[in-house]
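Same chain, two partners: subunit A is paired with subunit B first, then with subunit C.
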Partner chain A sequence: MLKVVEETKKAFLTGNETIAWAALAAGADIMFGYPITPQNEVMHYWTRLAPKYGRDFLQTEDEISAGFTVCGAVQAGKKAFTATAGPGNVLMQEPFGMAEAMRLPIFAVIQQRGGPSSGTVVYSQQEVALTTYGGNGEGFRIVYSTATHQEIYDYTIKGFNVAWKYRWPTFLLGDGYQAKMREPLEMYDPEERGIKLEPTYPLVGLPGKIGEDREPQHLCNIYSLEEELYDVVTRLAAEYEKIVPELIEWQEHSCEDADIIILTHGIVSRAADDAVKALRAQGIKAGYFRPITLRPYPAQQLREAIAKSGAKKLLIAESSYGQFERLTKQEIYGETIKIETLYMPGVGIVDYDIINKVKSVL
Partner chain B sequence: MALVRIALAGEGGQGVQSVAEILAEAAYNENKQAIYIPNFGLEQRGGVSIAFIQVSDSRIGAPKFNKADVVIAMSHRAVARTATYSDKNTLFVYDDGFDVDPEDLPKEAKQIIAMPAINTANNELHPRVFNIIIMGAVIGLTNVVSFEAAKEALEHKLGSKFEKNPDLRELNFKALEIGKQLAENALKEGVAR
Partner chain C sequence: MVCRSNGRCQDTQPVSARVVEAYIGEYASGKSEMAINRALELKSQGRQVTLVDLDTVEPFYTLRPLKEFLEQQGLTVIGLSKPDSFGLGETGAMLAPAARWALRREGDVIFDVGYGVYGARTLNLVEDAESSAELRVIAVINYSRPMTGSKARIIEYIKELGRVDALVANTHLGDETTLEIIEEGTRIIIECAEEMGIPVDYIAVDKKFSGKWNPDLFPVPVKWITRYMPAAMW
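Right, the complex of A and B next:
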């Protein structure tokens, strides 16, 4: 296979362009997609780049189809992915649910836009609930919420690997800003960095005669009996929960002596990081905590940060109206720390917004 | 270099986003941290097009900002649209080629500057290089990139056109130089508020 990134090199790209390059470097075979802002350029760049490296693309008739074709391709042993946003994410919940049920190693990029419904094509963090727990299922998914273009590159490569290693649907949760802005990053060949690319393999059409050479491969997503489904979901839950400690990722600093911990995810954590530094410079003891994985959630780590700091307040700042707060509350049930919120649905949050909020509640 | 935040705004087709991209790339080429993000919503179809640029020596936080160090409003409508990005530390620049309602100007600014970019482009150079005059003005106002880096970035972006018509290279570089001078002169003479 033609090497995508010969030598580690700096680049100045949009987030969407970064995803296309990282998917190539991760060895993705094919992308299925349907146009929707703000992820369109993932498709545009992929369709320009993919033929040069012998990779494929199919534009389907809608997002339901794009999701299901990814489900089909991974069963054939192909490293396949899609990218979508907003209403497209809604339509893809059916295939994403099937991927949970059948343990399909699909990878999907979600570039959040505003809602409800078609909302705006611009920025928001309003697809947290949908991406973590959407669909008629239990949220057996792995969701990485990125903050920089370097992370977009790193976690796209990691996302494919994790999907194929653990066989759960895996997501990179970005947003309109990350999709469209340009910033510097370093592109590299994962194997040169010692990152082993997980091998892919077909899940169906295996060699050998069923019953003689091998057991039948049941990739079932419909069950006739209530009790049967009960057994399956209980088993899936146990399998998912078992790997949680291996998957959880988070960032934390300045929590040791913090009076207030600022909790953010994704691009808002950049503003939170600046805010904590500025507040510290003014003598206000603020701490920084950021889940990188929203599913599974670093609940134990957040509880420990609260405990060791003895902080009296937790400020949750998000570009949505409580989706991240609800996710957090269910994970740290029982904690008595007072929760303050900064909801800015559909608009960006800058350090200034967080600093002002902290000062108003301390 | 401390963080510099720039908002460029104008009509679709004026080249706002192209200039922003070239400037950000020039800063990146000088090993600075740089972020460029357009406003990409439906408003850009028939609305005012805005580019947000940030340049710094150290890591940059949020991609957008509430208040800019420099705002350049390149069209009549852009003045009112971008007044919100101005505070007491902002250099607010607009073109003197249109009658601006004083109500539309920002309430707070370090300095409000009227600059004859459109007239200069139309009368002394070519309407096509209006946006390059603006690019030169950004450099004159902020020094976010060196003049040489800006020329290199232009060469990188427009090199193939320059090859076909070397006069274009001269025209663009001249526009860049004139824009820089206009800004430096305006800074000295500008109406302080």
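Right, the complex of A and C next:
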């Protein structure tokens, strides 16, 4: 078998291409997918590269099928993934819900695009609600919102590992800009870096006689008694909540003495980082807080940042119309800090957008 | 303008000849940047230049954000502008119709052939491209791109492209480019070109290195590149 990353070195890639290489490096066996902008090059690069490394690809008839085939492949013990966006993410909510119910270790890349509806292919951050809490269920998912191509590489590898370690559906949440833009990152072989690749194993068709050699493997997503569903969802919730502290990831700086904390996620946090540095240089005490995991949300950490700073205001900036704000509010219910918002659905946010907003509210 | 190791600079073509070049290459290899720099270079020599956006997949994501700026520099740009595409939705993902007739314009014509894998085959959308004696198909290679990150991969990739008349050595790492990175990539690309019998037209180097570059390192001229594409935002 050819080695995927022959030597650790800096390379110049687009975000979509980064996902394909990282999935190869993570040992992914197969991608199932259906074309949709802006994730297309994940498939393009995967299909160009996969045959060289003995990996597989299947283009399914639609996204519902792509999601369910991933659910099937992981039950057969294959490290499988998909990538989609917008209406594809809508269609995949059914299989994603199945993965929540059956604790299937699926990994999906979401390159957010604009909405509502089907045909808008451009950048946006409007799939936050869908990716964290979509579907008919309780949002038992793990969602990483990346900001750089290095993070895309790192969290794709991590995403497969987390999915297989904890057995919850795991997502990498990017966007149209991250998909298309290009920047340097370090490509590496995870095992050479001491990152253990979680072993995969079949969930069905196990050896041994049920009742004698082993317990039955009860992978179920259909419950016909209300009380049974109550037991199952309550158990799933407890299992999910137990691992939350191990999963939470966030970044913060300059919050200690901040008068205003700027809260962003994903690519917008790059603008927030620049804005905080520029504001500080002008003597304005701004702080930076960014959840990396949107699900589970670093609620306690954000509460602590607010408490230690004594900040009077929290500015939430997002390329959507309040999805991230609503997610945040439910997580920090009871905080009395005044929330200001900068909603720019479909539009990129740059440092001076945030700087101007901060100056207008302070 | 090409500057050689003896410090002399000269035009790459006699002023009288029409320049017709199509920049092809791997996705994100630097095709648009090379095409823009080449078009502006020719314009600065007082020539009439048309720059054609021939990205068949994502015309929204290529030269569009820079179109107005490039027109202000005196270029004729065939491509969609924001008002052209506003309100079109996915149906707006199309070529500017004038691209088909670009070769029948007067003056120099530079094509930015988007989206990589189909190489020069996309030129079949342009009238006269096949019969044109003036057209040169130039493949842009960045050694820092993983798909063209080794000698074997570069050769394999160029073979997949179909017609290639020349290469441009465009190794860089964005803001993290160093002279060593450019030199290593250039050395490998020139080795590939020699092996394949394809000329290297020039080495593209960010102009910020202009005082530091050793012109005797390679027997290929350098073009100093201004990076315009980062201003495209996405």
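The criterion applied here is as follows: the second predicted complex is superposed on the first by the 360 of 362 C-alpha atoms of A that agree within 3 Å, B and C clash if a C-alpha of one lies under 4 Å from a C-alpha of the other, contacts with A are read in each partner's own complex, and residues count from 1 in each chain.
To be clear about the criterion, contacts are C-beta pairs under 8 Å (C-beta built on N, C-alpha and C of every residue); 3 or more make two chains touch, one makes a residue touch a chain.
This structure is a prediction, so every number in the text was calculated from the model and none was measured.
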Combined model on subunit A where subunit B meets subunit C, clash or fit: clash
Which superposed partner A:313 touches (first subunit B, second subunit C, both, neither): neither
Touched partner set for A:274, first subunit B, second subunit C, both or neither: first
Partner chain in contact with A:352 - subunit B first, subunit C second, else both or neither: first
Subunit B versus subunit C as contact partner of A:21, first or second or both or neither: second
Which superposed partner A:253 touches (first subunit B, second subunit C, both, neither): neither
Subunit B versus subunit C as contact partner of A:187, first or second or both or neither: second
Partner chain in contact with A:165 - subunit B first, subunit C second, else both or neither: neither
First (subunit B), second (subunit C), both or neither touched by A:326: neither
Shared subunit A contacts, counted only where both subunit B and subunit C touch the same residue: 12, 37, 120-122, 176-177, 180-184, 348
Interfacial residue positions of subunit B with respect to subunit A in the complex: 21, 24-25, 28, 33-42, 60-66
Footprint of subunit C on subunit A - complex, ascending: 6, 10-14, 17, 21, 37, 40-41, 44-45, 48, 119-123, 176-177, 180-184, 187, 348
Touching residues on subunit C, where the partner in the complex is subunit A: 27-28, 57-58, 60-61, 89-90, 93, 117, 142, 144-147, 149-150, 172-176, 181, 233-234
Subunit B partner contacts - residues on subunit A that touch it in the complex: 12, 37-38, 120-122, 176-177, 180-184, 267-268, 270-271, 273-274, 348-353
